[in-house]
Amino acid sequence: MKKRVLLITAVTLLILLLVPGGAFAQAKPGAGMYFRLVTHGANDPFWAVFQKGMMDAAAELGCRADIDLAGSDLALQSKRFQEAVAMRPDGISLVINDDKMWDKPVADAVAKGINVIGCNNDDTQGSAGNARLAYIGQNERRAGLMIGRAVFEAAKAKGWNLATMKVACAVEVAGANYGVVRSSGIMDAMAEYGIPGKPEIVDCTLEMTTAESRITSYVIAHPDLKCLFGLGGITTDRLTSGMKNAGKKPGDILGGGFDAAPGTLTGLETNYMVASIDQQQYLQGYMSVYVLYLMKKYGFAPQIDTGGFLITKANIDLIKKLSPLNIR
Amino acid sequence: MSDSAPVKSPDTRPNRGFIGSLRRTRSLSTFIIAAILFVLFSVFSPGKYFATPDNLQIFLATEAEFGIIALAVGVLMIAGEFDLSVGSVLAFCSLTFVRLFSAGVNGVLALFITILVGAAVGLFHGIITVKAQIPSFITTLGGLMLWRGITLFWSGGQQQGLELENIPGLYAAIGGAKIGFVPIQFVWVVGITLLVVFFMSYHKLGNWVYVTGDNKLAARAMGINTDRIKIACFVLVGVAVGFVSVMQLFRASTFTARAGDGLELSAVAAAVVGGTALSGGIGSIAGVFWGAMVISLIENGLVLMRIPYWWTFTVFGLIIIFSVILSKIIEARRMSVG
Amino acid sequence: MPAGFRLPEPSRFFIPHPEIEGSAVARQRLIVRLLAYKVSFTLLVFIALLVIFQVFTPNHTFFQRPNLFALARLAPDLGIVALGVGILMICGEFDLSIASTIPMSSFVFVKLLGTGVPLGLNLVVTLCVGVIMGLGNGLLVTRTRLPSFILTLGTMLFWKGLLYAASRMMPIGIRSWLPAGSWLENMFVGIIGGVFPIQAIWFVGFAVLLAVMLHFTKFGNWIFVTGDNETAARAMGINTNLVKIISYVGVGVLCAVVGMMQCLRIESFTANQGVGFELKAIASAVVGGTSLMGGMGSVLGIFLGTLTIQMIENGMILLGLPAFGIGAFIGAVVILFAVLNKYISRFSTR
Amino acid sequence: MADVRSVSTGKPDDGYLVRMVGIDKYFGRVCALKGVDFRVKFNEIVSLVGDNGAGKSTLIKILSGFYTADRGEIYFEGKKAHIGTPRDAKALGIETVYQEQALAPHVSIPRNVFMGREITKVLGIMDGRRMHAESMRTIERLGLQIKDTGAVVEALSGGQRQGVAIARVLYFKAKLVILDEPTIALSVKESQQVMAFMKQLRSEGISVVFITHNLFHAFQIAERFVVLARGELLADVDRKDSSVEHLSQLVISGHHEEK
């Protein structure tokens, strides 16, 4: 028994020792700096890409950066932010996903001399609503609006009656912030195109098979469904298979969604999907580190709109090349 | 854990010394683990930020939220039942409070109703588990999906803020005030722990909970209504969850439908790390308190140690395995020393 | 306790009553005797659900080809794992780490694809991942004799961390290395004649194989007695540790198969494969009449149980219930089902 | 059988601690007990013997309140008694010690002794010191030596555990103690210890019903034997009229053979 305990201790210590190593390459401009990116994200591909951007930038600058994910539990994200403040890093990049709850914590942190910037999502009133020093990214709501417009434009081109069109969204983590905000964006687009009502949200879970199964069932159950969105990378990936399983032909239902997972690219190629949004979250992670670095060093406070990139059949080749690199 | 190896006349040997005291107070081993972790994190966290007031305050406040639930889950496990639904019920209770409060209900009344709702949910789980004799594992697994689903359906998934400025008194009492350096939440968890320790050790109800979990048939033969004891423990969990939901809501000041995700397994882990048997009848409240402390310490410490996110799972897994093995070793030593 | 309160008569539920058993069984009518077996009850509910869904779904979509096709193609993912988990539960242990074994084997499989290893070797190595992870769980549980629920929770987190660290949670597509129509793909996820998914055959095949193993071989009997009364089993010379380890390895192998199958069907690895399967698999086994205490259960029960759980999900959506918060209905049904199950079996043993 | 039955027509106040008269018990359509009479005198050790399925445990469960009889009457100290729950039985002074169901193994001795009837101060707060003192005093009264009084029951030997369970009924001043197979898993020495406990109980004025398979144990200590078979009363004999051989023949054959 003793040996095993020793072994386990050894392994734990080994991991503890090995992990922080590597990133401390000396003589790079950001050496010795430490940044923390506090997000509400979950263990899904979207945040993996965001994190990849962060790590690439940190490696280039020779600084250290870590990401916090909170699975959309804002109480946890709030704790993570407090912990980050307690660590007195050289900068914090925060997803400001509530207009009110972040006001005081961010102001307090800035008062303590910590640079706090927003990324991925901002206070709806921008710098008037929150004391953050800069903002990087594109609003999730605008991303929703973009994909909504793209799909509804295609529906209009098909000559469908927009006033009676049924729209649904599949989401991995029901109630999670990203889905709520993106679907609001889609609702904005529905209003623009005169589509009445709200999209129905289908709860799909992060698990691929469960997601596919539920999408399939939903499509079968609603023969009048015309537009189907995936609100995250996993549901978007499974849309095509779901429609195929339900016996739909390409174009029977217009698909749209987020990210460029392998299944999504197949869907775009086979015309089950109209478009998918690359929110360019790589840039959000990457720029967060760079902005925090520049802010620390020179005091820059830029507002950067990372924009969204609409992936369609036309530009799919570029994405196909970059997707395996975990950048898009 | 139930090593049925015959113990050779244990009554002939005295039960003294360090190991003897471990045996007497099962919680001590967990306390030692917590203390070691605290020292390790204090010394090795980069920049030594772990033991700064900023961090300790957020740590103690959130530890309290987790600790109160873990205590209730621990009592339920001593009575021989499980609750996997605490995370979902937490979200449900949060929503209840937010909706009541935003509808203009008085804060204290809303808190009271929220706790009642939690108790009712516990009662529901308890009655189904006990009366239909279904493993509580299944009942509360159902509850896990049921209450999260209802929360999502009712809230539409939208997050909702809370105007805490309107209830400064209540806010201070539950989530805002600090007593000296210590956040009020931690005062709550210590107080509640003492209360539960008192009940479990010095009150007859505590004895009934232990014997119900240990040997239900014996308890029943002695005229103890074991069904009621179990239901009461489920209700206790519900009450704790209801109270904590408001406490957490006050700290974060916003409701999200994903609140409490994954809490159920952490709470069970805290109880087990604190020496509670999964089979019931064994466990100490002080042990659960320190078990919750250990889990929270790891949770907070790994962040402060700047361990990249993905490794936290691995370290967590190792610590869970390591602590149950360690308490088993202490247990074995205790049996051999008597 | 109020004066009028009466304790249930324990022997009716807990202890077979020696005084009444022999003659009572003889007098029970056939239908009641059949009901006494939980499997037949599970079967009954299964059929009842089929009828309910078919009758009440708008346009009777349940039995139409697309839905059956989807069920046959998707249900085996959880189903195959649930078979292993259920048998492990009969053996008296739990395995929560399947939620990590599935994506881990899928990850190794994809990584090996990238190195250009022959498919056959890749298949073997991937299965070995399952063997190793199962072996790890088995050794840990049998050596420490600690509750497997908590130990495998630990190993699940352990492997999850390693997986996330190795993959950085990024999906990895397989099409760059494995063109469509390879023999492995046809073997695992092919569609026979373009209508029948081959996964269903694997699922049934595994079920039959494991049923024969569990109910008709010596080893199967060892699994039952190990779960029922480990001390007694050991006293009879059964190496209960070995039985448990083999059961864990079995679960690991089934997870590896599912991980690979899922990867081939989805055409990519994702770190979230198998998330939530751990509790769903246990729920499947329990719905199928497996005891959480071990020593009781059947492969047919688990088979029907996992189909029931997945059919309920499918059927609820087909019925047009609000798909947001569908989990509430599933949770309610699990509770309802457990209560019903209990009362029917109580009635039938009267 | 007729001679036994005639007893039931006796007057209420007839010198018996317990009389069960004409007890019937059915489980569904299955008859577990049929017209059984059972008596226990004051200050007496009665052994209830019979093969598995004879109805011993059903009879005892009726007496201790777990089951209710479908027909028949119970008189306690000459008065008609209604025993509907275990609590009713305890209120009368009938205590049952089951082999595996008596104690909670991970709980201390005092807490086991006082399980369900804790000595409390105000508001249900336990008086731990008194519980400890009283339980140890009772255990010593029983002639049992336990040095580590803070030990949990799991650490005790089988005989000691029975001692703790019996101490409980002694403390609560039971009038009738039913011991269900108390010697079944014990060594020879421990069995003797348990039988010594029984003698101690009787010397304190408590009647004992001793259920056992071991006729040698029964014969060693009991003054009277009641034999059941297939739910019916087969014999009710005093020790002086019987022998181990006679009893075992009755139990094995399941019916009377005239000597």
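In this document, chain identifiers A, B, C and D correspond to the written order of the chains, with residue numbering beginning at 1 in each.
By our rule, a residue touches a chain if its C-beta (ideal position, glycine included) is under 8 Å from a C-beta of that chain, and two chains touch if they have at least 3 such contacts.
The shown structure was predicted, so the numbers you read here are calculated from the model rather than taken from an experiment.
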{"item": "Joint neighbours of chain D and chain C, given as chain labels", "value": "B"}
{"item": "Relative to chain D, chain with the most remote C-alpha centre", "value": "A"}
{"item": "Where chain A and chain B are represented by their mean Cα positions, the distance between them in whole Å", "value": "32"}
{"item": "Rounded Å distance between chain A and chain D, as computed from the means of their C-alpha atoms", "value": "71"}
{"item": "Approximate Å spacing (C-alpha centroids) for the pair chain B, chain D", "value": "43"}
{"item": "Of all residues in chain D, the ones touching two or more other chains", "value": "85-87"}
{"item": "Multi-partner residues of chain B (each touching 2 or more other chains)", "value": "149, 151-152, 157, 217, 220, 223, 308-309, 311, 314-315, 318, 321, 325"}
{"item": "Touching two or more other chains - residues of chain A", "value": "4, 51, 174, 201, 203"}
{"item": "Interfacial residue positions of chain A with respect to chain C in the complex", "value": "4, 43-45, 47-49, 51-52, 168, 174, 200-203, 205-210, 212-214, 216-218, 220-223, 233-234, 237-238, 241, 245-247, 261-263, 265-266, 323-324, 326"}
{"item": "Interfacial residue positions of chain B with respect to chain D in the complex", "value": "7, 9-15, 24, 202-205, 207-208, 210-211, 214-215, 217-224, 281-282, 338"}
{"item": "Of all residues in chain A, those that touch chain B in their complex", "value": "1, 4-5, 8-9, 11-12, 15-16, 19-20, 34, 51, 64, 66-69, 71-75, 78-80, 82-88, 97-101, 173-177, 179-180, 201, 203"}
{"item": "Complex interface listing, chain C residues touching chain B", "value": "1, 5, 7, 10, 13, 140, 144-147, 149-151, 153-162, 164-165, 168-169, 231, 279, 282-283, 286, 292, 322, 324-335, 338-339, 342-343"}
{"item": "Footprint of chain B on chain D - complex, ascending", "value": "85-87, 90, 96, 98, 100-107, 111-112, 114-118, 120, 123-126, 128, 145-148, 150-151, 154-157, 160"}
